[in-house]
Every structure is written in structure tokens, then in C-alpha cells.
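In what comes next, chain A is part of two complexes: it sits with chain B in the first one and with chain C in the second one.
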Partner chain A sequence: MSLKICTFEYMLSDHRGVGMRKNFFPRIVAEAFLESTRDGEISRSPDPVTMIDGDLTWNNNTPDVQMLAMQIHRGPRTVVAQSPGTVVIHDAFSHQIAISPQADFPSIMQDSSGGRLQIDRPSVARDAVLYGRFFFDTDDSTCWAPIGEIKPGFSLHFRYLAAVQTPGTWTIPSEFEPRWEAHARWTRLRAWAFPLGSL
Partner chain B sequence: MRPWAVPRLVRDVKANSASVSAASFPQAVMPGFLLMDQKVGWINDSPLECDVLIRMIRSPKEWITSNPNAIQFRDRWTHAIDSDPVVPVTTGIYNSQAGSAIDLGTNTVAEPMPGRQWMWAGSGISDEWVYSVTPGAKLNVWYRCYVWTPPPWSDNANKNSPLHSAKASYTRIQFMAMPGQGTLVTG
Partner chain C sequence: MTQPCVNPDHFEIVDGAIAPQPWMQLRTVATAQAGPKSVEYDSSGGGAKNELVYKLQTHWTNNTPMRQMVYGIVTNGGQQVTLQARSRAYLEYQHGFEISADGEDIPMVSVSPFGGGADIGQAGVLSVGTGFCVHDVRMNSTSHMFMPHITGWFPVEPGEKFNARVELWFKSENWENSMIDKGDQGTESLYRDAGTRLDLFAVPMLGEPIERSTPTVVGASSKIETDTTVAVSKPAGTVDGDFMIAVVGNASGNAGQVTLPAGWTLLDQYDGGFGVLHVKVATKSAGPTEPASYTFGHSGLPLSEGMAQIVTLRGVDAAVLPDVALQMTKPSLLFGGKNTMLPSIVSYNKLMIAFCFVNQFAGQIYQTPPPGMTEITDDQGDYNALSIAYQANPPIPTGLRAFKADRHVLIGDGRVSGVITVTGPVIEPT
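So, the complex of A and B:
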């Protein structure tokens, strides 16, 4: 005789027994690998110029509530800055949970990597700038963004943006060849889903 | 629930760094000075297929370089199931890099201008997933970290007063086994 017994959230039952549903296990439910489209030489950008832009969506089509956390894995970054200019790579993310979510533009700065080197000079004239160049590489790194509870039938929309900016002083020397570079390479987004514990 | 039915830390190995002295510089030929060299393996001891999360936790790094020389760390890991992974040399493909340089030019007699750079970089995590490790299969990981000095190298850096050092104390290699469903009901 096949008999299905009463089970709890996150469980399955059939005539052979009971077991855990997939949504009971902490797991990666969605992943996106975003590549930079603007790596290489740059020029003055007082306003941020987009290097990486992408998003990720996930719908909770399981019958139970899921806890979500986003893992943001940033690739190794590189900047080259000519004295006295600054080169910095910022990034930002935003999210929304709804039946049909549409996250806001990610504009708040979350993380940055970059630098500048300034050699003192007698005046700010282009031909008075002294030669100085700054090179900087940083390791890849990871951060977590807690998203929270997603009810069955609801979706997550997560957006990510990395941009290069050259704030402040900027002089293009006239007596030698300057060089400014920015490399953001990539960012990987991973959505982790967990069961919600007893309240 | 059996122990293997929940996510668990199955390996946690610290790859300690060899020390670099001033005499170790320059290292202008790739891959450079070998700082860390560590193999880690794990046999899936559960009756179910599982996904393994390889987590690399890099220690903080610090280095000092003198105008115009560059110092760069590079690391890489490789993995294989039931066989030896390829040697993780960082000459071509590598996972990550950290380093810096300042170039302040030279004076009229071609001596590098005086200038030193002190750098500190924080620790960080890098994850990689290996999916579907079957029961009884062995996952092997090989990690290496090198430090090198991208050429050209100046012997009279910082106006003939060179100072160079590089320190990355360790990388911690962790494996987390993430279980999936059993086969009784869903099989």
C-alpha cells in the first residue's frame, strides 16, 4: 500500500519514505560572471565611467521560504596613474524582492581600489609637471550582501556596477608621454539560498 | 540527519610562507621566488555525491619597494579528481595578483630619483566550486604563491639606496563539503 505521510516544510514524502527537498540544502541557486568592457588605457573621467554592468535574477519556485545571501567575488584590479592624477575603480550593487522586481540603479559606492602619486612641482603648468607614475595591483576578494527572506513565488533582482573615476587634480604633461590605465577584469555574482530556521 | 547531511568543513590547511630576504631580490625571471607550495586532498566519505567549495583565505600582505622597481605576488591553484593536478606555476595562467611600483624617473646622470613605497594590503577570500564529487572520489588541490619583480630591475634604486621587502605570511586552504538530496525518495 502506498501511503504518503504528513511532512513539514522542506520535506518530501512518498510511498518509500520521507526525505529533504532540494530547498533544504544551502546551495548556489544562480550565478553570473560579468566581464569588464573597458579595461585598458583611460582618459580623464570626473564622472564614473562604467566598466562592468550586470544583473542576476532568481525566482523562488519552491513551496517554502528561502533565505538569500549574495556573494560578490571581485576579480584582481589594476590601476596605473600618472602624477598628479588619481585613478580609482568603484563598485556598487542594489537589489529588490517582489513578484516582478526591478532593482534601482546601483549608485552608492560599496568598495574601491586605486590610488595616486604626486611629485611636487614648482607650478601647475603642463610643462612644469614632473615625471611620476604609480602602479597598483590588488588581489581578488569576496564580500557578502545579505538579502533576506524570499517567499514562494517571489523573485530577486540584483544589480551590480563597477566604474572608473579620476577625481580631483588632473594635468596632462606636455614634456613626456603620460599613461593612465584601469583594469577591473571581472566580477562573479553568486546567489546562495538557505532554509529558514524555526521561529 | 547523518553528519554528512549538513554542510561541513572537511579540510583546513594553512600554507605557510617561506621568508624572503633582501638577498632574494631581484626575481626578474618568472615565475620568481616560491613562497607557498601546498597540496590538499579529500576523499568523499559520504554515500552521496557532493559539491565542494574550495575557499582560499589570503593573509594580509606588506611590501616595500624603491623607485623604480616593481614587486608583484601571484598565486594560482589547480584541482583534479582521482589524479594529480597540473603544477600551478603562475607564469601564464594565474588566479590573482597583488603588487605595486612607483616610477619617478632618473636624474641627469641616470640615477633613479629618491623614492620608496610602503604598501599594506588586507586579507581576502577567493572561492571556487567543484561540483559532483562522487562517493569515494578524491579531490586534489595544489596551491602555489610566488613573488617576482617585473623587469626592468634597477640595482641603484632610490638614488643608490635600495630597500625591498615582501611578506605574505600564509594562505589558508579550506574545503567545505555541501551535501545534496538523498536517493531514497528522490532516487
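So, the complex of A and C:
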């Protein structure tokens, strides 16, 4: 029989004793594994075309403030670009914290993987295009996105988007078979929660 | 109501309720952000690039009663390097930190580059310029560890200040500046960077910190010889249990001719090859019976000088391998220079020994030890000079500091400077 003592932030006292509440420890509170729906050969796409799209929500149902950080873990990315074209896979994310959050559609920015090897000028004619092919492979990579403080009862809505785009010059050669590819494979989202500390 | 018995360093009690102190957990303690930045260059002109894109610096003072372990994460928002053929360049991160200092002169180390380049094989007498080709690579946002080459986290004692600095540089290995066949319409040379964020985190450390004592300097001896051996006497006052560090070197023959006497262990060496600089650092724990002098090998070639110096230290824990780093500075005929920089190392050892071995052809050189250090020896031959200095409880990292010669070091094989740190045994709690 133990004495129940009075606790506040991040602690718990019950019939088994006194100790740290679960929300005191850094931990994964939500996770999502997203797969690409559009891997393979692509055609010209001046506007980004969605490859991976997904979201994650988490409600702070603990009695204390939690600090949240999102870990975005991308799979290996592959791009094949026929000269003079460019192929890139963009990553974008957005989030909102509210009682009933609804994050905006993630907008594409300077966060992309891929490129080009352009050996002809944009002015080249279809039948004069030189043969050049660009292969770009990356290993898996991780990015941390700090979300910040989530009060008890509040929720996070996190949205993620991977989209393929072919910005700039695009000439389809007529004298040989061109090839453009994009593989985004997968992305894993993990939401990590920490207690609020002091600076 | 009586309050439970708690350690106030770990828990706080407010109005009878108990909670962990806010520093008793993993948490973000400092953040800095810089960028984005984007620069476009003329793709048929200009010179090699070595430009600072931006820097960010932050610090955290341990205002808690606990020792805290600090680590950092550097997050980049995405990068792009697009270059005309033959140009090869990259965006390079440099990291640096300093504990309990003003944080103004932090030694930086290169961490990771991103970029690339292409060549389309246009060559020959008639191809002075290059052909059209644009190479473009882009990298996603990434997070990497701050100071990723150092294992472990950084201990920061209460009251100490941890300074962290991240710099991003744009550097070219080769920058194509000739004309491009048929003009430069449609070419590109640029980089884009979406910005960098540095987050510092702290985790409290439980248990008593391990304290080590600081060794002391007993004495030193030095010798210059043109013979095939250099016999340097045992430093006066050396007794059983003392720890000796020898710095020996020459600028002739082969490194293999700079032999060590029996009982000495090679710690590190610089070997410039035949006929140029050789510097060896060796150690020995003094036993109950030690000879009056130690004989090191030397090439014995005419006019060549072999130097040997021994420093005796007391209170060294011989079970802890010394940290050591040597650095070669090439001679410069045009610019000379009086300062010889020391390598900067991260070491938690308590006593720092630094030396500078100079070879030159223009007479004797006298050296002044780096700021904050005390001179032990300063020996001059006609062509070589060797000085050793020490400092107790050196900063972490040891810092980019210089031995200063009394005049410019112009012609010669160069200079080898080095840092060796040793520590005393653990102080047992009383």
C-alpha cells in the first residue's frame, strides 16, 4: 500500500506508486507509411503530378503540453531524364494545429530531387536532338520538421506530397527512342512527441 | 502535510504537488536559421568560386544545476547546383563548436558537399572553348547531425556556454571561363539553397561527473647534432612514474633513420619522404632506473641537423592514450609568414603540449609560443628550430593558434606543428 502524493506536470501517482507519466518520454505517437502510386515511365508534366499523397493526425489526449517534431523518411529516389529535358520529384508538406485542424494543400518549393544533363539548346529541332541520358539515384534520406507546442486537447494535421515535374525545355526526339522515368517509392512519416522543457 | 523527500535538482514541488524540473528531459535549447539564397553566374567567364553563402551561429549556456549533454541537428531545405560543362562546383557545409569561450574564433571543419559537374569531351587544338551542356542536380531537404564526425554528445557543465556555428560555402574545383561554341544563349550556372536551420538539444546527465586531475610539467632537455645520432639527456628531476614525451626530427635522409631508443613508443609521425621533413613524437613512462640520456637516430648527412627534445610530465594516467595531431605547413617563397598554425583537436584531456618544428635556410629562428601557452623549450640550429609549449586545461576544441617566429620563414622544407594532450587519473570522490 503506497501513499498517493500530489503530482502535476508529466507525473502520475496511483496505487502502484509514483513515477513519470508516459507523456514525459520522447516517443513516436503516430506513424504512416505511404507508397508511390505513379512509379515508372513518365511523360511531359509542366505542372507537378502527384506520386505520393498522405496525411497524419494526432490528438494530444494527455493532460500536459507536448512538443512535436515530424520525421520525414523518404525512400531512395530515381530519376531518368533524356536530354534536353529535366525530371524532378518534389517533396512538400504542410501542417495545422487546432481543435479540428485542416492543413492546406502542400505547396511545391525548393525541395526536390533529380535534375538533368542538357546537351542541346532549347532551340534544337526534333530530328537533330543529340543522344544524352541522365541517371540520378539517391539513397533514402531523412528530414526533421519541427512542429512545436501542442496543448492538451489540440490536434495536429500534417500533410505530405511527393510530385513529379518536368520544368523547362522539353523536346521529344524523333530519331531514337527517348526515356523519362521517376520513382519515388515510399515515404514514412513519424510524429515524435517530447515534454515541454526549459531553454 | 509533509513533503516527500526529493532531490530539488531533479524535481520541483509547488503547493505540495511534485513535477520534474524542466531541465530533466530531452528538449530543444537553441535554434538558428539562415537563408534561403540563390546566385546566378555568367556561364562564360569569371574565376574559381570560394564564396560564403551564409553562416548561422547560436549558443546555449547551461543555466541548470546539472551537467547536460548537448547535440545538434542541421536541417537543409533543399539544394540545387546547375553548371555549364567543365565547371565542377558544390555547396559545402562547415561545422564548428566551442565550449566556454566567446565563440568568435571557432575552428571550422568541412562536413559534406553537394553538387557536381559534367564534361562532354570536347578537346583538342581546335577546341579552345567548350560546347553547350548544362548539368543540373537537386537534393531534397535533409537533416544531418551537427559535427557528424565526432562520436558522442558534448558534455556542458553548469555555467558553461556551448557555441555552435554552421557555414555554407560555394566552392568550385574547376570553373569554366572560356567561350562556349555558338554563344552562351540557354546556358546556366547557378546554385539555389532553400535555407538552413540548426537546432541544439540537451539531455541531463545523472550521476557524478568523472573528474580527472591535471598533470604538471617537471622539466625538459634538448639537443642538436649533426652526427648519425642525437643523444639528449634525461630531463632533470625525472623520477619513477613520470611520463616523458619526445619530439625528434630532421630534414634529411629517410624517416626510418630517425630511430627511437629502447622503451620508447611512437605516438605519431610526419614523414615528408626522402630528404625532407621527418618529425616523430614518442612517449615513455619512466621506470625506477632510467639512463642519463637517450640516443635517437639521425641521417648524419653533411650539414644536416637532427633535433631531439624531451619533456617530463608528472601525474599522467598512462592508461589513457594521448590525443595527438600533426600538421604540415608548406614553405612559401613569396609570402613567407611568421605564424605556424597548430591543428585544432577536440580533446577532453587536461594538459596540452604543443610544438613547432621549422626548417629554413636563412639562419636561426626564435619562436614565441601561441597565446595562452607557456614556453618549455626554444632551440635553434643553423637550419632547424624546435619549440615546445604547454597549457593546463586547454579549451575544447584546442583552437587554431600559432607559434610566431621572429622573422619570416621563407625558404626551406616547411614546418611541422603538433598538439599532444594527456590527462591525469580520475579523482576519486572523498
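To be clear about the criterion, the second predicted complex is superposed on the first by the 186 of 199 C-alpha atoms of A that agree within 3 Å, B and C clash if a C-alpha of one lies under 4 Å from a C-alpha of the other, contacts with A are read in each partner's own complex, and residues count from 1 in each chain.
Definition applied: contacts are C-beta pairs under 8 Å (C-beta built on N, C-alpha and C of every residue); 3 or more make two chains touch, one makes a residue touch a chain.
Please read all numbers here as calculations on a predicted model, not as lab measurements.
Q: Figure out whether A:172 sits in contact with chain B (first) or chain C (second), or with both, or with neither.
A: In the superposition, A:172 contacts neither chain B nor chain C.
Q: Using the superposition on chain A described above, determine whether A:26 touches chain B (first), chain C (second), both, or neither.
A: Both partners.
Q: Which of the two partners, first being chain B and second being chain C, lies in contact with A:98: first, second, both, or neither?
A: Neither: A:98 stays clear of chain B and chain C.
Q: Can A:138 be said to touch chain B (first), chain C (second), both, or neither?
A: Both partners, chain B and chain C.
Q: Mind telling me which of the two, chain B or chain C, contacts the most residues of chain A?
A: C
Q: After superposition on the shared chain, which partner residues are touched by A:117: those of chain B (first), chain C (second), both, or neither?
A: both
Q: Determine, under the contact definition given at the top, whether A:73 touches first (chain B), second (chain C), both, or neither.
A: Touch status of A:73: first partner only.
Q: Just chain B (first), just chain C (second), both, or neither: which does A:146 touch?
A: It touches chain C, and chain B stays clear.
Q: Please indicate which partner A:108 is in contact with in the superposed arrangement: first for chain B, second for chain C, both, or neither.
A: Neither chain B nor chain C is touched by A:108.
Q: Looking at A:7, would you say it contacts chain B, chain C, both, or neither? Reply first, second, both or neither.
A: second
Q: Show me the chain A residues, by the header's touch rule, that chain B contacts in one structure and chain C contacts in the other.
A: 18, 20, 26, 117, 119, 136, 138, 141-142
Q: Where on chain C is chain A touching in the complex?
A: The contact residues of chain C facing chain A are 4, 14, 16-20, 22-23, 25-30, 36, 60, 64, 73, 75, 77-78, 80, 82, 118, 120, 131-143, 185-186, 192-194, 197, 199, 202.
Q: Under the touch definition given earlier, write down the residues of chain A that touch chain B in their complex.
A: Listed in rising order, the residues are 12-14, 16-22, 25-28, 71, 73, 76, 78, 117, 119, 130-142, 190.
Q: Of all residues in chain A, which touch chain C in the complex?
A: By the definition above, chain A touches chain C via 5-11, 18, 20, 24, 26, 67, 72, 74, 77, 86, 88, 91, 109-123, 136, 138, 141-146, 194-199.
Q: Where on chain B does chain A make contact in their complex?
A: Those in contact with chain A are residues 5, 7, 51, 58, 61, 70, 72-73, 95-105, 121, 124-127, 129, 178-182, 184-186.
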